[in-house]
Amino acid sequence: MAAKVTGLNYRLLRMPPNVLLICTDQQRFSALGAAGNEEIDTPNLDRLASQGVLFENCYVQSPVCAPSRASLMTGRYVHQHGLWANGVGLPDHERLFSKDLADAGYDCGLVGKFHLNACFGGRSEVRHDDGFRVFRWAHDPYPGSSENEYHRWLYTVRPDLAGADLDYDSLPAEIHYSRWIGEQTIDFLTRSRDRSKPFFFVANFFDPHHGFGAPEEYVRRYRERELSRPIPDALSGKPPIQTEASHESYAGHARGFTTYSPDELQEVKAAYYAMVTLVDDEVGRILDALDTEGLAEDTLVVFTSDHGEMLGDHELMLKGPMLYEQAVRVPLLLRWPSTIPAGTRRTDLVQWIDLSATILTAAGLTPHGEGQDLLQPSSRGWALCEYRNSGHPYADPVHLTMLRRDRWKLIVQHASRTRPRTGELYDLTADPSELHNLWDDPLHRDIRTDLQESLLDTLVATENRTQPRLADW
Amino acid sequence: MAAKVTGLNYRLLRMPPNVLLICTDQQRFSALGAAGNEEIDTPNLDRLASQGVLFENCYVQSPVCAPSRASLMTGRYVHQHGLWANGVGLPDHERLFSKDLADAGYDCGLVGKFHLNACFGGRSEVRHDDGFRVFRWAHDPYPGSSENEYHRWLYTVRPDLAGADLDYDSLPAEIHYSRWIGEQTIDFLTRSRDRSKPFFFVANFFDPHHGFGAPEEYVRRYRERELSRPIPDALSGKPPIQTEASHESYAGHARGFTTYSPDELQEVKAAYYAMVTLVDDEVGRILDALDTEGLAEDTLVVFTSDHGEMLGDHELMLKGPMLYEQAVRVPLLLRWPSTIPAGTRRTDLVQWIDLSATILTAAGLTPHGEGQDLLQPSSRGWALCEYRNSGHPYADPVHLTMLRRDRWKLIVQHASRTRPRTGELYDLTADPSELHNLWDDPLHRDIRTDLQESLLDTLVATENRTQPRLADW
Amino acid sequence: MAAKVTGLNYRLLRMPPNVLLICTDQQRFSALGAAGNEEIDTPNLDRLASQGVLFENCYVQSPVCAPSRASLMTGRYVHQHGLWANGVGLPDHERLFSKDLADAGYDCGLVGKFHLNACFGGRSEVRHDDGFRVFRWAHDPYPGSSENEYHRWLYTVRPDLAGADLDYDSLPAEIHYSRWIGEQTIDFLTRSRDRSKPFFFVANFFDPHHGFGAPEEYVRRYRERELSRPIPDALSGKPPIQTEASHESYAGHARGFTTYSPDELQEVKAAYYAMVTLVDDEVGRILDALDTEGLAEDTLVVFTSDHGEMLGDHELMLKGPMLYEQAVRVPLLLRWPSTIPAGTRRTDLVQWIDLSATILTAAGLTPHGEGQDLLQPSSRGWALCEYRNSGHPYADPVHLTMLRRDRWKLIVQHASRTRPRTGELYDLTADPSELHNLWDDPLHRDIRTDLQESLLDTLVATENRTQPRLADW
Amino acid sequence: MAAKVTGLNYRLLRMPPNVLLICTDQQRFSALGAAGNEEIDTPNLDRLASQGVLFENCYVQSPVCAPSRASLMTGRYVHQHGLWANGVGLPDHERLFSKDLADAGYDCGLVGKFHLNACFGGRSEVRHDDGFRVFRWAHDPYPGSSENEYHRWLYTVRPDLAGADLDYDSLPAEIHYSRWIGEQTIDFLTRSRDRSKPFFFVANFFDPHHGFGAPEEYVRRYRERELSRPIPDALSGKPPIQTEASHESYAGHARGFTTYSPDELQEVKAAYYAMVTLVDDEVGRILDALDTEGLAEDTLVVFTSDHGEMLGDHELMLKGPMLYEQAVRVPLLLRWPSTIPAGTRRTDLVQWIDLSATILTAAGLTPHGEGQDLLQPSSRGWALCEYRNSGHPYADPVHLTMLRRDRWKLIVQHASRTRPRTGELYDLTADPSELHNLWDDPLHRDIRTDLQESLLDTLVATENRTQPRLADW
């Protein structure tokens, strides 16, 4: 059921709220207690959910980082903003909503990764005209760019570790990348922000991204439990790229599912959950800081993730050319005490691009891009996700387009030089685990055609027509 | 059959050629003697065809001016360059191939219309960073912008006409807009060009665009003939927007077909042909100037048009949300004596965006955009045309997408608020006149589905992915 | 005595006025009937003077075209705007006051030369971001750039003249460059302007610039008179560069004074006066058009010139490294019936840069640059003129700086590789013809020192300090 | 005597060198052992001097930070680059030589202050297009901008200090701002630099800038010595602004000399020397790191300071509208073993702007700006220094211009609203302490005039004429 939202026009009646956007990396929807997962510990996120609204059907616009994050920051689909893959830079003329907020008087800050430009191989990410005054950048916890601020912090706190060969994923919590995110966020809230302005702060965690490691005390909590096994799927009737990916993840750059033993898979899940719980603890500390600063009431808090993780389901690991729910549906929590009734759950289909529209509207600004204000019931009725050889690149590019509509999920794998056109069609009501691909099922021929027509129309409807019409000719 | 093209790599062996691009406005493919039209007099264009290559299947990327011309100048589809309708400006970051040529040392000039920005209501077109040193702009022959250079020429030649209420279409040839185009082109070739450089010159005629008038001596030649009647079509089984358009052209801003008497229609055709013949005479004078200047051998001459004209066929006038061959197939002639064998005819499907690729390649430069070098056999096998409420705007926007492939032409009319989704499907082999719409024909259900899938894949394949991939992530 | 200016704040009480700026090239102050010259016929300019205010002591900021005109358009001194010589382009970041007017809603137009970039050798002048919608450019009447609009007009009116070897200076009035300026100005006033906006129009005449020719009927009027002889000056005690220049004008690119016979000099003066009278006739026609259009009351008309002409005085021709009154003092007339009392004469020292401040203030805008509103009494008390090898270049650069203050004129010729430092000092009260150079006069040592100190302080006071101070550090 | 420089063209014969530019803040020339100061301990700087060249007469272009540093980075005088005072931003179109180096393939880094834009009141300095990949910014050691990286380091190392009310000047050496500079520099040399490229690194110390505090162990060394007393000067015959400044430094924002007791002045000097020695230790560590990395041979090391400090001499403290040697002459050491003979001393007049020319030349690039390659004997013979109300602003702006030439130093104080024109003239041979102002001395009238003429000519010679001359007109 949809959230009751206030009928008041908060754009006129009050000061613009602060906005705190907490974003994890690779956290699937189900990796959240409030989502019904009884195996995982996320008490702080669950508290956030109980104080605000939880969206059960939020889809990202791409199953990999950079294109997805570019959609978040621009409010536009991948085919609109043009950052079509990891390692591709956002075009200079694209406008970020953080820049809008900065221009409107917000003090804007960010900690962690950003990923609107190439970061591979030690590159320091080139900045866009992004409006952030505070920009404490570290793409990830691993060595690479010398300008990774996490490392400079780490080696400052622990100069003895400089030059050591570390397992960054498993560092103790007090020097972990996720702790650094929490620390910097709290520093901003309590010290670094410009108190003469409302703030917009982005805390971009790297967890629960693989490598699958976490501080030992977190991993131990899960290693000792009997965690559920992955959803088995022989991948028969599925596009061959999935079988390929089950053997080799990341276009061959990472171990595939089939190389893991069952025990290893459970270790991976334990570590994954441990990372989420580590983040959850930091979120708790951040929320506490908001309370202590007296900011909770006037701050719109958003918690979400940039895409999911297969975690062995369907015999797949990580992410890539697969658009299962595990990969493309993400947690989305909003808390804004004065405006959003506590404990709301929303089941309508929403999308990641809706966040910029929601935040700009809350700030009294006019959204641009394709998003809709999440504080109003969604009128869209579908969700779009695009993969354009967007992850580790396949030599013969793989392009997938997903349309989620009603009970259906259609995924088209467009033809490439060596791979014939194929696709997937799932009835999420009858088959929520997406085990039965109906793409070639004669009984579902009409709905497949209908959905492809819908998809065609959707792509046309969302073409880049931002240039204004000034005259009849 | 495809043209024999030389195997020599002209990019290495010789000086870059001059390029003369002659472009008319609203001239359909059939309005050309060399195309098999025995009613029309185009001796100079026919001569050009006999000296070079005639493309029998060249499609424009939009059936209206500005989006089509933006595709010509950028080498990109409408959904890529973003100038989606007349009255919309080309985004600043789009790059024109004229700028490439200028940067490479070409002396670039243009006379006539350009139409990469709004011109309605007397607007002087704002210039892009286009590279033209010579830019003698006049959107059309009608009063409007005071900076219309044709008018300043006209009132200079004939000051007695200043302020008079003139029928600009029917002015005598010696002061007609088309003569002005010819004069300025010849002026460039013989006087104004920078002789230290190769040139790129664009002669953008406004004829045979409606108003349907021409100098009396030209009209008379056709009025006295028995011209063929329009192709009748009750438009049953066709999308309702066509019936609407048959009553009111230009979204209600111009007379529709049904308001014309049969005699009037023949008058219109006579005037239309007269305009083409007027242009043909100017082309003859221009070709003579090339000969006189000794430039013919080293000059790539291109003749084409930005879209067609219904001329009463299918009970439709002008252009708009209709993608019949009359509207979207245009003349395309190339002459380059040293490289293109005389008298070639090509039947492969080519597109307007191929022109920039052809010209840049001829100039020894690297094409960007989606075009292919027309001097090589086309490997594409399809053509795309897009209408995005691109003409006079309908309040409820009309969006059409056409895919031409093999013998088939598919046209999807995407759903709008008040108009349900519909479409057209023609078998151009069996039904070259496009009288029988097979869209809802159960026997053609599979090919319709197949073509829509092709179209979907084509749109995805041609998304804007110009940003380079710099790294794996 | 200073003009009485109204005490009303016209910035608040009424609509911004139209502005018509008429500017000649190389017209010295004395070449004006209203300036007391009884030999010359300028009835229309005299009428303008009688209807407004005549400034008797207006100095330009440079004695040659481009630097002077850059000062006009930017309101800044030559050492500030950086266009230090003819053939040098204005830096992109300099702001023109025409752009301010355009941004504030003025319809801006220009006819004739502009000269903010190199034009030599047939160059088409590259445009600055100048705000002009109408821009009908012709650097001069001579063949050169094919984009010279005067020529295109001329050969359109008289196609028989195309290719002919013409004496452009002496063409009949009806096809003369000055007539073209008048025609285009009247066209703007009566037809081309956007009537929904106030206008700013610049009519940039080339006359009375040398070559010394004019339509025969104009020259004849003066040839038949006994015109005064040049002011003789043996140039003893003057800087040697003047003697050099008396033999060869334009750094050797034009005939020097000493190559003219006395009769030739009278011919030159007759031609020069004839050019002024030709301009005067066009000004009359323009003023008539203002009247006819009912615009006279609400239009601020400015008449001025970009620098003067030696015309044989001091045995010098043309302009260059000499800063006599003939070279640097120019006519300046303002007419604005509602605001400026008719028949005013002002003797205070004003400068060309004051024009932009005056016009922007009249338009209700905030001036930038160094100018002062001429409608208020001047508080400056001095004038500055700079020559930085600004004319035809000397191989060993010649740099002069002039300070006019009280009765004194100081001119410093800065040392160069081959030319020792020298200078001039004139007492304009005792020696209005500047015959006695007091630079080395022991009795004027103190005043020379004092003036040099003033000049030093003036250069420091007018350094480029446009960057705002944001904070104490 | 001038350095012997190699006759080899190192631009052609070898790889471009690394460049390490170490710059202190407010260190006068005499605060250096190698300069002959026997009271101060600078063994590492003395070692550097003995290994390279020491310039005894290097003048900065402004006696305050931001204008001086803008001259360093642009190679241009204050009146050229337009950053005329602290708190003023460098115009966007000015080009930094670091950008040239970056474009040429250098890996560029900086630690410490930069000061090309306003930093007062907690502002985070807006960055220019500066080319630095590594940019670890901290304007000074004091709380202010949250983005001060020194503070983030400090509170990371010592979280217990966060929020404490600290005396940042006197923090222990291991957490002192100067140590942080040393640490980051060594980090760059040993870890953060891109080893595939030559580097350019700038280490911008804040010491020995006031507040006058240093780690206790450094201060103690000097407190226990008998340090020389300030140079007394009753300031009679000096411009009144100096007497004003002796009572109140910093335009009234800091204590003046007259408020200090003699003992306090000795404490100040002890602290000042202590700061220099603290820096010296860090320089030693940096030089050691160069040695350890094997970089010493191929690295051009520069040590200098942005301006001096009065330190009680002439009854003046700090800096401001006073251009004594203490304020404007700075240490300048260059070491480049392969090119500069060890132990060289140069007495010719050089300027801070010469550094960019020297470094660009060493890198094989073409210098722009006004500087000269210091590896060649200087041919200029003078030095210029400008104060344009550049420090803490006086309500009635104070403008000073200094010309140093031969044995003379001329300082003009330009007239302002309330302060008459005045000046200073010193014979540095006869009066090296600048005690006797000869400005009004009748016996030095001629030399004063001569120097003012020189200054006038120098300002004209160094006007901004960077726009190229493209043609004669």
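A few comments on the model shown:
Labels A, B, C and D are assigned to the chains in the order they are written; within every chain, residues are numbered from 1.
Everything that follows uses one rule, which is that contacts are C-beta pairs under 8 Å (C-beta built on N, C-alpha and C of every residue); 3 or more make two chains touch, one makes a residue touch a chain.
Protein identities per chain, from UniProt: A, B, C, D = Sulfatase-like hydrolase/transferase.
Since we're looking at a predicted model, the values are computed, not measured.
Looking at chain A and chain D, no chain is in contact with each of them.
Among the remaining chains, the Cα-based centre furthest from that of chain C is the centre of A. If you average the CA atoms of chain A and of chain C, the two centres end up 65 Å from each other. For the pair chain B and chain C, the distance between mean C-alpha positions equals 49 Å. Per-chain Cα centroids separate chain C from chain D by 45 Å.
For chain A, no residue reaches two or more other chains under the stated contact definition. Of all the residues in chain C, the ones that touch chain B in their complex are 124, 133-134, 146-147, 152-153, 156-157, 162-163, 187-188, 191-193. Chain B makes touch with chain A in their complex at residues 65-66, 79, 82-93, 115, 117-121, 123, 253, 388, 392-393, 399, 401, 412, 414-415, 421, 449, 452-453, 455-457, 459-461, 463-473.
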